[in-house]
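Read from first to last, the chains carry the letters A, B, C and D; within each, the first residue is number 1.
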Amino acid sequence: MTDQSHNEIPAGAVSLADYERLASERLHPKAWAFLSGGAADEITMRWNREAFDRLQLLPRVLRGAASADSRLELFGRAFSHPILLAPVAYHRLAHPHGELGTAAAAAAQEAGLVLSTLSSETLEDVAAVAGPRRWLQLYLQPQRADTLDLVRRAEAAGYEALVLTVDAPINGVRDHERRAAFALPTGIAAANLARYAQLPSGGLEQLMALAPTWEDVEWIIGETKLPVVLKGILHSDDAELAVASGAAGIIVSNHGGRTLDTIPPTLDLLPSVVSQIEGRIPVLMDGGIRRGTDVLKAMALGASAVLVGRPIVYGLAVAGPLGVAHVLRLLGDEFAIAMALTGCATLADIPRANLIRR
Amino acid sequence: MTDQSHNEIPAGAVSLADYERLASERLHPKAWAFLSGGAADEITMRWNREAFDRLQLLPRVLRGAASADSRLELFGRAFSHPILLAPVAYHRLAHPHGELGTAAAAAAQEAGLVLSTLSSETLEDVAAVAGPRRWLQLYLQPQRADTLDLVRRAEAAGYEALVLTVDAPINGVRDHERRAAFALPTGIAAANLARYAQLPSGGLEQLMALAPTWEDVEWIIGETKLPVVLKGILHSDDAELAVASGAAGIIVSNHGGRTLDTIPPTLDLLPSVVSQIEGRIPVLMDGGIRRGTDVLKAMALGASAVLVGRPIVYGLAVAGPLGVAHVLRLLGDEFAIAMALTGCATLADIPRANLIRR
Amino acid sequence: MTDQSHNEIPAGAVSLADYERLASERLHPKAWAFLSGGAADEITMRWNREAFDRLQLLPRVLRGAASADSRLELFGRAFSHPILLAPVAYHRLAHPHGELGTAAAAAAQEAGLVLSTLSSETLEDVAAVAGPRRWLQLYLQPQRADTLDLVRRAEAAGYEALVLTVDAPINGVRDHERRAAFALPTGIAAANLARYAQLPSGGLEQLMALAPTWEDVEWIIGETKLPVVLKGILHSDDAELAVASGAAGIIVSNHGGRTLDTIPPTLDLLPSVVSQIEGRIPVLMDGGIRRGTDVLKAMALGASAVLVGRPIVYGLAVAGPLGVAHVLRLLGDEFAIAMALTGCATLADIPRANLIRR
Amino acid sequence: MTDQSHNEIPAGAVSLADYERLASERLHPKAWAFLSGGAADEITMRWNREAFDRLQLLPRVLRGAASADSRLELFGRAFSHPILLAPVAYHRLAHPHGELGTAAAAAAQEAGLVLSTLSSETLEDVAAVAGPRRWLQLYLQPQRADTLDLVRRAEAAGYEALVLTVDAPINGVRDHERRAAFALPTGIAAANLARYAQLPSGGLEQLMALAPTWEDVEWIIGETKLPVVLKGILHSDDAELAVASGAAGIIVSNHGGRTLDTIPPTLDLLPSVVSQIEGRIPVLMDGGIRRGTDVLKAMALGASAVLVGRPIVYGLAVAGPLGVAHVLRLLGDEFAIAMALTGCATLADIPRANLIRR
């Protein structure tokens, strides 16, 4: 869908905001609408960013921190830093290499990859080029047998966790997309789902009948030994229900502001979920992460790790796999600098008192 | 007053904001000034919108809601959804079909219609094409006999409720209108009032002598068996007086920001009125509704239903009756999606705790 | 200093904001800089306006108010409305008729006039065309004898009160003026002061030695039977000292934001001064009044009357004396409408509970 | 790096903001990026300014203040006003005279000069033209022997205090600089450091190994009789540690918003540091001072003096040493006016109750 593929890092691309700007210029307007757009007036999307920019960091000095060590462990696997790639549909809208390019770049940067159910390359093909830190995001399929087949394929292809999206039983009001009259171009499709029953093309009523429930969550968890992470939890009561259901982790997410507009920013909701969970399972978050200081703030408020979505496909659109790697490196370097300048030697040092000042 | 009538839904009209933009381009500047303008600096008009955008929705997940059921009953009549058309004067400023077009579209969408006293078609002609859910908005006339005649005509034409406007004894400071030197064009007039005594053209003093009082309200209520709804109540003490006067309902309204500038936004005042009324009579509201989430928020704060004014005439201006129907459908669909994504199966489920987060 | 004098009310001038815009187009940039400019970054000037726009009015309905009666009495003289002309220097910068035009227009609108010491016409010439409601603003002169002479001339010319400015011992940092390299053009001067000793052209030190003190205030009050009003009181402790000094009234004023930038807006300070004074002497206010609702808000917070400065000279610049009269009439009409729409029959009805909502 | 040197004060330069605008036009884009840029999105840089603009001054009147006396004493040396020049690297980026021009102008205005370790002229050459109020800012060098040599040179050259920067062990994320691909032009270098070991060009890890600690602070203090001031203290606990370490003073600073973005504005942090120190050692501050009222506010919140950085090099860029002197004079005059208009006769009068109103 891009007229040409780009494979060089442009001069002046020194931050994730630069990649966003460049992607808006290079992507086809329809692809840009689909990838960048949020729900309705995009208020939640804006709030996600503003929440980070409002939160203040109050550093201590002269603590003589040696170089920051950002290692962590999730579900038994070591990660060198807490920045994962969030699931985003149809990477081939951004670049002909699609998720294959993204996965290779993530592996090179040792970043965890969460592949979307709606990837434009099959999960098996992606697994072949991805690093070991790969998880599969799951949308429930109209038929339980198909959902189960997806789970078995994920297991077989070495995905180490399942990320079940619970906040999008139906699409949001995507005005940006609709104004651009977006439709998947020929040759790009949900590669994983080719053989499965399709979603009904009918109205809201039929779609809602397929909306996942806590019962579905428990069923999935019972069917696999992989850890199941619930993505889209916002309310602390739902966080408690997640633990009760046997979920292995939670991602505090408002779907990048793409479902219901005027949902609060995820950063504002993170503390109450963290406080409810009290460390029983990892709490991750996404939504608006664009700076190393954003990662630090999320960690300081109790996140175990963060996920980054749109900037990854912007990197892919601007400079292919190199761009993805560059985006990850920029964010990682900024995070290391933020740790150093706040005197945090390890991730465990981050959530200490008085780093955050409201 | 429009150079040509438009009768097709334009590409890119996917939200009520799009209709506003398109109407501003297609309406004659004088008609635009009259229909879109507010009082003075239009601060209240802006606040009406901002109040909705500030209020946050905190959805629950995995509740397995079947398709949302938005039915309600008002004054013994069933409505399929809680979105009514607010009274707006002189629809023929927007389209040659005027209120006839609007009423037909409302009927097609099963939406309640509140016809303005100042309609450019007679209430009898409108009744002939309108659906059963039709109410008549009432301005007191200089002569009580004329007011009574209007009431009798409404009864005879099958209007099911009277909406007495109580907040506009005189016009506000309509700078936008005055700058555009708006005057009713030839051929457009208050069709219902042709045979009645005219308002004095004199100054403020004479107009104020005609300002309605609680005594007038009680007189009207005593004269008709139709339910009488008071439109323009903002203060909880006035809401209590409304119940005492025998009013069948209340519309919390600041006249779309067209009377006194810097009146608070209606959404901010709704809770105290609802709390005062405690369900004794229905409390409706208008002012700034542009999104399905706005409807949801008003309902969550206790509104029985909402009214939409300007977007209706924008739809009429942009695409005639089709445009009105499209505006109603867009808003209705957004509301259904908002109910589904917040897990509300019926209107009664909406005002539950923790949906709204300030 | 204007290239031509304007003497017709322009189409589209329907509010004081319109006059400001038109004046900015018609005044010589130097005169515009002097008349419109504030101190430094003009933050206080902006705050003065914003304070009014933030304050909300919560009207009651159906009170059957007859036409609003806005009469009041100040120092034994009846006024038909509480809107006075604030002292502004050098009206001939705006129009060849200077203060003669302004005074005639004020008289026609029955508005109180406060003539500046720094008027470009003599106070005697102005008195000849002014109405009875005329006060003289007073700057202390370098020589007490000269100050006393000014007082005696004011008494002789029938000025009914003296307004002693206490907040501007030295000029503020008037960047706008300095950037425009403003200087009084040939033929415009402080007509009243021709025969007096000049202010030293030297530095801050010399100017400050002339700064007025409470002792000067008491001296003036002892020398005249005219009521002496102190203009520029902001702190409630200074308000108390004003009463103790024998002042007949107070004007809460920050000099239109022209002295020290980031002084709070006068509307925000008014309540504490009113509360301190408890009705012992009248408390007037100026700063940012542009709308009838602004007048209502100031009255509701306890002001006895308000003064309007810049809009008067903008009216003069745009349309000569007719423009001044139009500005006064627009503001007066808006105030009457605001009283009517909030159900206030007299000024005494305004400061009642729950009109203002923060 | 400037195409030509400028040595005349331009018309219209009446405030520090004017100098900023003019410098942005006259400096080479790379030099502008280096000198004006902040970290990341420059949020802290913006907050530094906004904090001053939000704080309100509530003046008293009629106090008859004689001309303001702004004298103070720091470390035994008398200063005629509390405005010092903050350390800024490489003044020759702004003007061929570099720090020699700046120092001469500072001397002429009797302003204290804090020379940067990274000056483009040697500290000895600068001392030869500077006034007696000269301090040297110190970055720890990779080798202690080199650091000590710097200290001894400062002592020998008559610097009266050392300012140890503690908040910048590594560079911040300077996007502006990186986007402009800034590098020191040929002929401009850190003149003081020519003979010392260089910082490792390697990664974050090596740089952090050199990060100063409290132990280094104590070592320096033990090695010199000069007062040692710690620059970059933000947290009150670190302020307490500074006293314990033997520091002679503190500068509350966030490095002009150039290290970690979203650090709070220094004005907001000043009160807690002042409250912690309770007068035991002087507390200075920098960050965002652009107006005389800003100086007054910092003093009212307890600062002993303030430092100004960017405006100094903007003055140098716009008009050479004359520009520096003009910037200092503008700021000093504004401060004197602010003292006079708030009735403060001496610096000791400034921090009295109710000057500041939040």
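The rule we apply is simple: contacts are C-beta pairs under 8 Å (C-beta built on N, C-alpha and C of every residue); 3 or more make two chains touch, one makes a residue touch a chain.
It should be emphasised that the depicted structure is a prediction, and the values quoted were computed from it without experimental measurement.
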- prompt: Just how many steps, at minimum, does a route from chain A to chain C need if it may pass only between touching chains?
  reply: 2
Message: Between chain A and chain D, how many steps is the shortest route if every step has to go to a touching chain?
response: 1
Message: Looking only at residue numbers at the chain C/chain D interface, is the share used by both copies over half or under half? Answer same or different.
response: different
Query: Any idea how many Å lie between the Cα centroids of chain B and chain C?
result: 42
- prompt: Just how far, in Å, is the C-alpha centre of chain D from the one of chain B?
  reply: 60
Residues within chain D bordering two or more other chains: none
- request: Sort the chain contact graph into one of these: line, ring, star, complete or other.
  value: ring
Field: Pairwise chain contacts, counting only pairs that touch as defined
entry: A-B, A-D, B-C, C-D
Task: In the complex, go through chain A and note every residue touching chain D.
output: 11-12, 14-15, 17-18, 52-53, 55-68, 291-293, 333-334, 336-338, 340-342, 354, 357
- prompt: Any idea which chain D residues touch chain A in the complex?
  reply: 40-41, 43, 166-167, 169-173, 175, 178-179, 181, 203-205, 208-209, 211-217, 232-235, 237-238, 241, 259-264, 269
